[in-house]
Structures are given as C-alpha cells and as structure tokens.
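Starting off with a structure, shown below.
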Amino acid sequence: GCDGGNMNYPSGASAVITGDTIVIGSVTTNSGSAAAYGEAELQGFQLAVDEINAAGGIDGKQVALESMDDKGDATEASNAFNKLAGDANVVAVAGPTISATTAAIAPLADQTQLVTISPAATSDSIETGGYLFRTCFKDSYQGEVAARFAAENLKVKKVAVLYGTGDPYSSGVGEAFAKAAEELGLEVVAKESSSSADDTEYSAQLQKIQAAGAELLYAPYYYSVAGPYIIPQARSVGFDGYVMGPDGYDGLKLTGDKSQYDGTFYTTHYSADDESNSKVQDFITNFRKKNGSDPNTFSALGYDTIYMIKQAIEEAGDNLTRAAVRDAVAGMEFEGVTGSFTMDKSGSPTKTVIVLELKDGKPTYNTTIQPK
Amino acid sequence: MLEIKDLHVSYGAIDAVKGISLHVDEGEIVSLIGANGAGKTTTLHTITGLVPAKSGSITYDGHDLLKTHAEKIITLGMAHVPEGRHVFTRMTVQENLEMGAFSLKDQSGIGRDLEMVFEYFPRLRERRRQLAGTLSGGEQQMVAMGRALMGHPKTILMDEPSMGLSPLMVKEIFDIIVTLRDKGITVLLVEQNAKMALSIADRAYVLETGRITMEGKASDLLHDEQVRKAYLGA
Amino acid sequence: MSEQTQPILKAEHLGITFGGLKAVSDFTMTINAGELIGLIGPNGAGKTTVFNLLTGVYKPTEGDFWLDGEHMNGKKTYQVVRAGIARTFQNIRLFKQLTVEENVLVAFDESFSYHLGGAIFRTPRFWRQEHEMHEKAMDLLKIFDLDGLASTQAANLPYGQQRKLEIARALATGMKLLLLDEPAAGMNPTETEDLLRCINVIRDRFGVAILLIEHDMSLVMRVCQRIQVLDYGRTIASGTPEQIANDPQVISAYLGADDHLVEGEGDDIVKSLQGAKETEAANGTNGTNGTNGGER
Amino acid sequence: MTDQLIMFVSQLFNGLKIGSVYALVALGYTMVYGIIRLINFAHGDFIMVGAYVLMLTIPAIVALGLPAWLAVVPAILVCVAVGVIVEKAAYKPVREKGNSMTALITAIAMSLLLENGAQAVFGADFQTVPTIFHLPSLAFGKLHLAGDTLLTIAIGVCIMVGLQLFVKFTRQGKAMRAVSEDKEAATLMGINVNSTIALTFAIGAGLAAVASLMYCAAYPQASPTMGAMLGLKAFVAAVLGGIGSIPGAMVGGLAIGLVESLTKAYIGTLTAGIITSAFSDAIVFAILIVVLLVKPSGIMGKNEGEKV
Amino acid sequence: MKKTMLSAAQSYLVCALGVLAAFGVVAFLCETGLADYYIKGIMMTACIAIIMTTSLNLTIGVLGQLTLGCCGFQAIGAYVAALASKLMIANGMGLDPTTRFLITTLLGGVVACVFGILIGIPALRLHGDYLAIITLGFGEIIRVVIQNLKVAGGMGLDQGAAGQALIGIDRTANLYVVFWIMVVSVAVLFMFGRSRYGRAVKAIRDDEIAAGASGLNTTYLKVLVFAISAFFAGIAGGIFAQYIGSLNPSMAGWLNSINYVIMVVFGGMGSITGSIVSAVGLTILPELLRAFAEYRMLVYSVVLVLVMIFRPQGIFGSWEFSLPQVVNRLLLRNPKAAAQEKAASEAGSETSDESGAAVAAASAASKKEA
C-alpha cells in the first residue's frame, strides 16, 4: 500500500514523556535576511530557560533548549520541525520566527500533535488553534487598533499607508489598517507600496504621500527599515505629520537628528517604562546582564513564549503528554512581560496593546488600548 | 646564448617532451622541425615559462629560466610569437603593437618602431585602427609578428609564423627573419614549412614524439634523405 | 559530361560591408557538379568572408546566390547546410568533448527520423536507426583512417586528424557543395599529401563539388580545375591554374615575384606551370638570385 | 515651479543619488569581470565589510577631531586586504584548475562565507553607522536637493573619469586590458598576470569601500546581508551598461537608479494603478532584458562578435 | 558504444532492478517506521532536489548555458498546482487525492514549460553570463508578479492581500508516488541525453557555430532544452506545493536558484548520477551540520570553496555511475578478461576520466583565441 509514503498521517502523541530533563524545541531564523529577529527571539528563549533552571526547573526537572535554524526557508523549517517532532522527549516547540515559515509548520504541528507557539508570526492567514498558537496579536488586530488610535487619540482625518508587498507581515498590517481606517471614516489619501519590505529608498512613494496631503503616515515595516530609511526620508521630502507603525518598530534604529522622529507612534506588546508590571523591569535587567544590550520586542515575546510553555507543563503535571500540554495552552491565562492575556479558541491571545511615542528619540509610554 | 639540457615536460599524464637538449648561439637562426604533436610548441612554451618543466635546465644569457618568472624572461630580451597568434582581439592593431613594447623601460622610441613594423607589413598600416579580432587570419599573424618586434628582442622564438599566410607573405616573413638575423637577432624558428625553414636556418633540430632525433647544419638536413622523405614531401 | 544545364552554385554580385570596409564586392561564381574550384588571394582578401556569405553566417549586403536553382539569400546556417552546402573552418571547430564518432553523428542528425518520443521510449525505430547511423559513420570515418579512433575524444586528436575529422563531419551532412577553408594550414608536406589523397577520394566517391581556399600552392595548383583570385574583396583573376600562375596581377599581389631572399614552398609547381607557358619571359626577367630583397 | 515639476526634479536627483552608488559598485564589478570573466558575487559583500569598518572607526576618528569621512581610509585598507585575500586564497587556485562555472560557485561561496562570517562576528542585527556628512542641502524655492546627493554624484563621476584614464593611459591599466583579453599573450608581453589581477581586485575592493561610504551616508546602517541585493542591482547595472566598460558601469548605474526612482513615482499613475510601485524591481529587470535583447553587449559594451 | 557483456535490454533490466532495490529500501524504512517524519521529509526534499538538479543539469551541464532562474519556473509550477488543487477541491471534484496530485503536478509542469518556451525564445539569443543575468531577471520578475497577484495570496482564491503566503494547500504528496515521478523524470532526462538530441545539444555546447554548420537548428534545440528544464522544474514545484502545504513568492528568488546551480556544479556538470548524488548530499549536509548550529552556514561555505579548489570538476566530473558496468565487472570473474574489459570500456567511454577533463579544460582555456 501507499500509506507508508503518506506525508500527512496523524501520529498518536499521547505517550507520557518521562525524561530527566524537559526538552523544549525551538525553530528560529538564524541566518539570512530575517536572522536578526530569530536571534532576538532565541535570546529571549535562552534567558527564560536560564532563569527557570536557576530557580530549580519545572517540577524539579531541568529544562534543555534544543534550537534549530530554519534560514527563513519553509523546507528547512519543516525539516527542523520534523526532527524535533521525531524526538519523543520534546514537549513543545517555540517558534518559528516569521509567518512564511510558520505557515509551513502549521499543518505539521497538528499532524504530529506537538504544541508549537510562535512568538511573533503575526500574519492572519496562519491557521492557529489546533496545535499552533502564538504569543503575539494578529496583524489585522494591530492594524485596526492603530487606526482606532489615529482616529480617536490623534484625531486625524487624512491618512496614508505605505507597505512592502514582499512581506506578509508588512502587507497584512498595512491592508488591515487601511480597511479599518475607512470603516472608521478616515480618508485614505494614498496607498503606496514597495517591492519588498527591505528596500532602502522610499522617497518617491513618500513624496506622493506628502503631495496627497496626508496628516498621518502608517508605514508597517521593521525597525531596521523604518528608523534609518522611512522616517528620515519622509521628513526630508517635507512630510511633517504623524508617523505610525506596528510592533516591528520596537527597537527602532535612530540615525542623525533625533527630532525628526518626533511625532512617531507605534503599537507594541510591552513598554520598558511600564512601572505597573514588575516583570518588565526584571526582564530588562536580566537581559542586559546576560546579553549586554537592551531587549527588543521579539526577545520579550520569546521570553514569554517559554514561560507559557512552562506554565502549560506545570498544568499538565504528571500526565505530561503532548496532548495535555496542548490542552493547557488552549485557553490559558497568562501574565508576562508583554501583558496579561487569555489564549482564545483560535489560538491567538487577546491582549492589551501599548502605544509608545518617540520623544527626543526615546520611546515613551503613551497609552494602553484594551481589547474590545 | 640559449641552452636546453635534458628537458622533460608533461601535461598531467601526457609526456610531451622527453629529455631534449639543444642550444642556440648568438646571431643564429636555429630551426626546429617535426610532425604535428612532436612537442615543438611545448618546447617554446617552456622556454618562455608558459608551461612548467618537469626536469632539466634552460639557461639564457646566464639566467636560469626555469627559476625565472615568465614575464621576467621577456624583459631579458626574449620575444615569442605564439602558435595561434594570440592577438588581443578587442584592441586595435596599433594598440596590439604598442603592447609589444610593454616591457621596454624607455617608451620614447615607440613611434619609430611602429613605423618599422608598418614598413614590414604595409597591410597593418591600413588597418591600424581596426580591432585585431576582426582581422583575417593572415593579418593577425602579421600583428603577432610585429608585436614581437616592438620589444627590441635579442632573441625571438617563432612558432609557425608562416601558418595561414599567402605565398607572397610567407616569402616576406622569411625575408624578415633573415634580416633580423643580419641585425644580430637570434632566432629559434618552429616551422611546418620545413623546406623554407631549413633553407634560411643555420642549424636545425628534428623533433619526433618528444625526442630530438637529428641535428646538424640546416643545409645538410635539407639534403638528408630521411628528412626529405618525412618532412619535405619529396 | 559535366555539361549540366544547371550549376550547383550560382553566386551573382555578392558583396558585404563591415562598417565602411568592403570585405567582399561583386563576387560572381558558378560551380558545376563535381567541380573542384580554388579560391585564393592575399590575406584579408575576403575569402573566408565569401564562405561566411555562402553559409548564412553573414547576410550579403548585395547580390544573390542560388544552390541548385534555389535562392539562398537570408537563409539561416542550418537551412543552408540542409539545402546542401557544408564547410570546414579556418580555425578548427570540432565538438571537442564529443568522440570522433559522435562528431560525425551530429552531422547526420537530419537523416534520423525518430523524434523525442522515440528517444524517450527507446522504440525499435530508435535502435534501428542508431545502429544504421553507427555503421554509416564508421564507413565514413574509414575513408579518413579515423575508424580506429571512433571513440576518442575529438580534443585529444592530433592536429592533422582534427582537420580530417572536420572534413568527415562536413561530408556527413550529405551536401552537394563542400567548402574547405585552408585545410592544409599547419600541415607538413607529408600530411598535405595525405590530405590531397582524401580530397580526391571525396570527389570520386561522393561526386560533390568543392570550393577550396588554400595558400599552399602545391596543393591548389595540383587539384583545382579552375581558380578564382580575390584581392581587396574583388575578383582580380580567374581561370585555369596555368592562367593564374602566369597572371601578372596575381603574381604581384599574391604569388610574389622572385625578388626574395628565400624561395617559397609552392614555387616549384608554380614555376613549372609558368615555365610551361612562357619559359623565356620568366627567365628573362628574373634570371639571377638577387640579394637586394633585404630592404623591403 | 509647480509641485509636479518639483516632484519630478527631486525624483530625478533621488535616482541619480542611488544610481551613483550603484555605479560605484558596478565599477568594481566591471573591473573584476573585465579581467577574469568572473561575476564576483562577493563584491556586494565587500561593501558590507566596508560598512562595518566605517561603523567601528568613525567614532574613533571623530574623537580625534577629524572629519568622519576619513574613516574611508581604514575602510579602503580593510576592503583591499579582504579583496586580495579572497582572490589569492580562493579565486586563484580555482581559476588555475577549474572552469568558469567552478569560479562562479566559488564566488557565491565566498559571498556566503563573508555574510555568515560577519554574522558570527557582529550578530545578525542591523547596526547604526554614525552620520558621515553634515552637508547643508541646497534650496531652490520649494525644491530641496540634499548635499550628499550631489556629493555622491560628483564622486561617482570623478572616479569613473579617473579609472577610465588609468586604464587607458597608464602602464598598469594597459596591463589590465591585455590580461583581460589573453593571459598567455599578456605574459609574453612581460606582464605579471597574477599581480595584475590582484591589483584589479584591490582597485575593485577599494571602490567598494568608497561605495560603502556613500551608501552609508545615505542609508546609515550595516548588516551582514546588506550587500546582497545592492550587489545584485549593481551587477545588473554593470551588465546593462555593458560589462567590462567603465563608462558603461556609470551609465548603467545611473540608469537603474533613475528607472527605480521614476517607476516608483509614476508607474502607478501611468498604468492607472494596474502596475504599482511594488513592481519597481521587476521593471528594472524588464528594462535590462529589453536592452540586452536589442543590444546584447549592453548600452556601451563593445560587440565581441566572434569572427568565424 | 561500450562493449559490455550485457546487451542493451539486459542493461536496462539491471538499472530497473537497481531502482526497484532503491525503492525497496525507501519502502522498508517507511513501512517499518524506521523513517519518521524527519527522515521522510528529507527524502521528499531530496526527491524534489533531484528533479530540479538533474533537469537543470541539462541546461547547465549538457547545453552549457548558465541559467539562474530555475526557481522562477519551480514557483510557477508550484502556484499553478496549488491553485488548481484548491479549485478542484472548492468545486467538489471528487478525485482521489493521488489522481488530483498527479493531474495538478503535471499541469504545473506544463504551464512552467509554456513559460519556459516564452522566456527561452528571446533569452537564448544571449550567451554565458549575459544569459545568466537575464534568466535571473526573469526569475525576479516572476517573483514580483506572483507577489502582487491577489489570487496567489490569502486563504481563498479571490480574497486575501497580495504578498500573503498561499496556505492551506492539500498536502497530498506521497513519498512513494514522488519517488516514482523522480525516477521517471531522471529516466526521461537520461534517454534524452543518450539520443540524437543529447548529442546535438552537447555539440551546441562545444561549438555553436559549428553545430549550425553541421545542420543543427540550434535555436530550436536550445529552446527545447530550456522548455524541458522548465517542465521538470514545474513538476518539482507542483510536488513541493503539495508537500509543504503553503507557498511564498520568495521561493522564486535567485538565491534559491543559485542553490540548485551549486548542486549541479558540485555533482559534476553533465553527469546525471553526479547531480543525483549531489542533490541528496547537499540536502543532507546542512542537516548533518545542525550540530554546529550558528556556524553551519560558515562550514557549508568553506566546504564549498574547498571542493571547488580541490575537485573543480565536481564530485563526479562528467563521469556517470553505471550499474550495468558494475555488474559486468562482477560477471567477469576472469581477472585478465576483466582488465581488458576495463581498458576497453575506459578507452571507449564517452565520458572522460579526471585527467581527460582537466586536459579539456586546460586546452579550452589556452585556446581561446579568435
């Protein structure tokens, strides 16, 4: 028969995992152009694992992190994931980093019944809720929140969107913002796009946006693009309205005159200034101690991801099976550095969104938007 | 002037030259004849350092050529008109000729030397601005020859200079070789056209499958029965 | 016998210009079946260019030519070849990494009738034809004494055999007119003799017409029935070897008068041809072995 | 000036700015390709190396009270060293034993090596390069032209002219041309082929360092993969202009810069939104393809039509 | 041709048995559960890589034209197959999964082939590095176009933002089926190479002008090769789509294409068996290097450079591994006869040994003049 060749058969993963150590797998993008995000997540994972072990592990067992690189490539990601899934000791997987690889993992997670939590894959198109979950909010949600903030807090009327078509994240958030903005009665005066989300030159599009009379520019790009390219170029073509971005702005790289970043807002998962959340300050201190640099949002999400897994394992208790861990993640209530949330049925958390504003180049807390 | 002793050269597993010894004295025309694949070209290539030797020695003017870099050998006053012409196809005829003077310290006489070459090959004067790659085969041969002369060589190695030339041109080329000798330039000449080569050379060597099988005064070889049969088609 | 109504090749007023340079102009020639014609001329006269025109490598800027009455202007090389003109090259162009036999088989390509499906499914026709062609190729190679080397890589052949293989390959296209571009260049007299024998065999066995470019006068004068001489792209003379050898224009532009220090390879034959015609005149002008040529 | 015109002129300058960076990089490609017929895929990565050197040395140089752009000196030194080492350690042995395809794969491997090496040393994250020029921008009414744009263009043109003169008239330049055509014959002219190739690599790498200065002035950050797309675009520029031709590299670079910037600005309007600015990369390639099909040797390339 | 003890038919039989044995190993591993998801995934990836590499080898190794756009065709095949499969399912066509897989994959191949012809006709007028850059350009154009096609993104066929991943493709690729598709592809490429077509294509590689002068329609043959390569790349894409389940436009990017070029050169240009070995090897190598974590790409690139320096002709050169020949040698117990046989087959072999290839390369390099 052909069944042995079937790549899509379910596997019974209800075996109780009995190792001396608890193995958590991770699949991140550590080489290629998205490596920076994977590295940041991995730093977050590692910090959490170290902290847990220092505090005596989970249920007395030490935690080991088995990390895999997916090079940002779907095939590599499936191979890496399959390797982890084949190891009966692996309890859960943290990752993958980007939506493109996560989309490829989604069916595999369900099929191998291995719970997988992606810290930052935000694309709406990824099917979550089976064995795949995420720590971050979704693109559509973020775009919508941003539109709400623009309309209600900044009170602008004319907005413009600029996004990169090469990247599901950039285009996903961008489209979501545009749609929500229209629904909220804002006028989208310009909708521009770039060939990819890591172009360096945007002045042509920005000039058109400026000419269209936009009061606010929504530019969902990563920190490495928005900081050195988009915002300075927007200012240099004479745009002096607000600039808004998504969580990708976290860790924005500033260049030149800091004042050009005034009027920049972004939605994110946590704020370093958040005095109310004691975890945040501890996280930042420990991260600095370990890595000698400030954490960005991806490290924070990675850090929370491991703690979510820890919480689920503790909940599963003695009956430590992959299925039990999955059930513990679904519907879990969690308090982490990126906020407190409930994991909804569809596998994405319903979270508070924090809006930060750059003042003299420093991200400062502006407001917290509660989920509807 | 130029002395080769027990030279062995191979290309990987193929032994092309199997222990030849020969010498060329100052002001002589020495001719090297032999069938296709005998190793004539290989010998010349080894002299100018284009191909490494396996063993043996080559001395020139007191220098050990096997220990000298190819480009240094040229500055010792050696010129090589290679088989297959090897002109610089995307340079003009004149630029090609100027390249010939590359190794000269004193570049002031180039104009005069160009005139000399154009005297020898009036055709090249007509074509001085044409890209050498579009020249006819024979015209390219003239460029290769002229280019070698531009460097004021003391010794000149020629690999089948008459190949592809019209009968008139062949005669002219041989005239030039004689004239060069008369000016005191030493010539080592490889030729398929054995009859003409022997008729102008002072001495000659016959090369067969990597070995020298005969040597002597050119006029003697010209009348040697064996040579006549094998190389003169008579 | 060769009084055919239609010539194999008819070229009329062919010409081509390269950026202002008239490489060939007003080239007119007819070749009848089984004829062997020589095309000679100084270096750069335009001989190879004529070949390139006749094989569709260059498109003539003026004039027309016909093969067996079929108008050939503007045809692609492979179309010209299939119509019946094959050639060799001045610089040998073999398929270096293929074997000797494969070089010939490639030129047989048109005679194969199996197609992609036949190749992929290895139909009986495939086997039959591959076998047939193998036999035919071996027969052809035998003429050139190359059959023993059938499975040698072409690049590893000595120069002289590469030349012969190139001719064999040209023959394999099944042409009516064969163009040979300096086949004897780089050969010593013994090898040239062998080549001469091959050319005669080809003409006798295949009955094709041959147009030969060659600077080796001993060869040209012996095998060609007629010779056409080019200089600066124009025809300066045409006729029998004897007429050509005695044409003053040809002598001064191509053959060379005797004011040289050395004598040429083909001189014996040329001289004998000249001698046959006008012994006196030849002796009268160049009686002595002058040594005044060094100044040239 | 109307707004439309201002938009057009500033797009023009924008295109020229990025175009002259492409041109600088393309010059390096063209030099190396010209001499050893190798698409040096690692060339873009030389720029990355230059950018990291700038990032590391500018603070020290500024602390010494010197202008930041002097950091180009250490950048040149390091890039030249890297370029020559890559040539000697990898390309030369492969060139001697392999074929053009092997050489190409080696170049790709060197590119991977440099990128992953940089990642191992500096991490995958982007790093900010300090500001290099503090040039005032020129204002013509509402039209602002950034000072560094003009400077980049000027430097590009100067280097092109300099290189062209160098190759045409100096001894070393002639040696380069000879080596690029026929190494054997070049040797017979008394040219040291290996040192000529090394010199070419050194010049190419030095140009990459200058390019990284201009690039970082406009786009101030360094990352391990920054050279990949830049290198590809610059290579396309070199081919478009006619690879091997120095003015060609300049023309190709500027043309690609202009096409990019003008398509981003106008293609949406021109095609009524069917083709958007997101297609700009595709359009650049489409233009390259059309040019090559019409003129197979590129805009300024010499036709090397093989004589049969 | 080679003188062997086995007749042609027997040789084919030996090869068929070899393939069956290989299939037996795969099936054994799968049926016994020795191969888990991971191993099966790698085998699947290897099969895809083999199809890509052997077909690319036809263009690069046999025709001698460097193309850097093969993943553009792979992407076309993948998207076509994925969309076709989605359409079939959406329209409730009650095909069994394997039939649907075969139909959609074939469709992917055919559409890729059509694009191959459309692109090949203009592109193949160029040569060498110019062709490389132009095919790279076509690959990038394909990528950008897919990226901007609404139909290629999002959940359904008519919704979703451009640039999104195409997800939820039915993962019907079955390792056994794919194995046999791979076998058929390789066999077709092999038969093509050992026929008048293969000879003609190699002739074009060696000297295009002489090929024309031997009566070959070089344009037609070049486009044919390009189309065949594109067809199989499309097939590989169709398999990929229905194995991985989600697609991203970036798969068409030039970096991916270069990966396959590396495999071809690594295996040896013109050698189908070399391509197979290198496709499998280079699929497994990065997996083995996982232990080196962050240094694995460094190690990979160093390995690549070292192989190019010390074995520039690739692992196999242009030599083909031939099972029938091995069998022949085993059959000949008499050592003397075996030696003779060996000598004959080596002298007569149309593939050159190491020194032969080196000589050819050296003389090609030195005789580049007009």
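Chains: A, B, C, D and E, in written order; residue numbering restarts at 1 for each.
Everything that follows uses one rule, which is that a residue touches a chain if its C-beta (ideal position, glycine included) is under 8 Å from a C-beta of that chain, and two chains touch if they have at least 3 such contacts.
Since we're looking at a predicted model, the values are computed, not measured.
Participant: Supply the minimal count of touching-chain steps required to go from chain A to chain E.
Facilitator: Step count on the best path from chain A to chain E: 1.
Participant: Look at the interfaces A-D and B-D and say which one is made up of more C-beta pairs in contact.
Facilitator: Looking at A-D and B-D side by side, A-D shows more C-beta contacts.
Participant: From the C-alpha centre of chain B to that of chain C, how far is it in Å?
Facilitator: Their C-alpha centroids are separated by 28 Å.
Participant: I'd like the Å distance between the centres of chain D and chain E, where a centre is the mean of that chain's Cα atoms.
Facilitator: 33
Participant: Calculate how many whole Å lie between the centre of chain C and the centre of chain E, each centre taken as the average of the chain's C-alpha atoms.
Facilitator: Comparing mean C-alpha positions, chain E is 43 Å from chain C.
Participant: Per the centroid of Cα atoms for each chain, what is the distance between chain A and chain B, given in Å?
Facilitator: The computed centroid separation for chain A versus chain B comes out at 73 Å.
Participant: Which residues of chain E are in contact with two or more other chains?
Facilitator: Residues 144, 147-148, 162-163, 209, 294, 297, 358-359, 364, 369-370.
Participant: Specify, in ascending order, the residues of chain D that touch 2 or more different other chains.
Facilitator: 116, 119, 182, 184, 228, 276, 278-279, 281-282, 307-308
Participant: Would you give the residues of chain B that are in contact with at least 2 other chains, written as numbers and ranges?
Facilitator: Those would be 86-87, 89, 133-134, 137.
Participant: Give the list of chain D residues in touch with chain A in this complex.
Facilitator: Residues of chain D touching chain A: 3, 7, 10-11, 14, 18, 116, 119, 123-129, 131, 144, 146, 218-221, 223-225, 228-229, 260-262, 264-265, 268, 276-282.
Participant: Which chain E residues qualify as touching chain C in the complex?
Facilitator: Going by the criterion above, the answer is residues 1, 8, 12, 188, 191-192, 195-197, 199-200, 202-203, 205-207, 209-218, 318, 347-350, 352, 356, 359-360, 363-364, 370.
Participant: Of all residues in chain B, which touch chain C in the complex?
Facilitator: Residue list for chain B touching chain C: 33, 35-37, 123, 127, 130, 134-139, 141-142, 160, 163-172, 174-175, 178-179, 182, 192-196, 199-200, 230-234.
Participant: Considering the complex alone, what residue numbers of chain D touch chain B?
Facilitator: 171, 174-175, 177-178, 181-182, 184-185, 187-193, 302, 304-305, 307
Participant: Using the touch rule from the top, collect the residues of chain E that touch chain A in their complex.
Facilitator: Result: residues 27, 30-31, 36-42, 44-45, 98, 144, 147-148, 153-155, 160-165, 167-168, 171-179, 240, 243-251, 286-287, 290, 293-294, 296-297 of chain E touch chain A.
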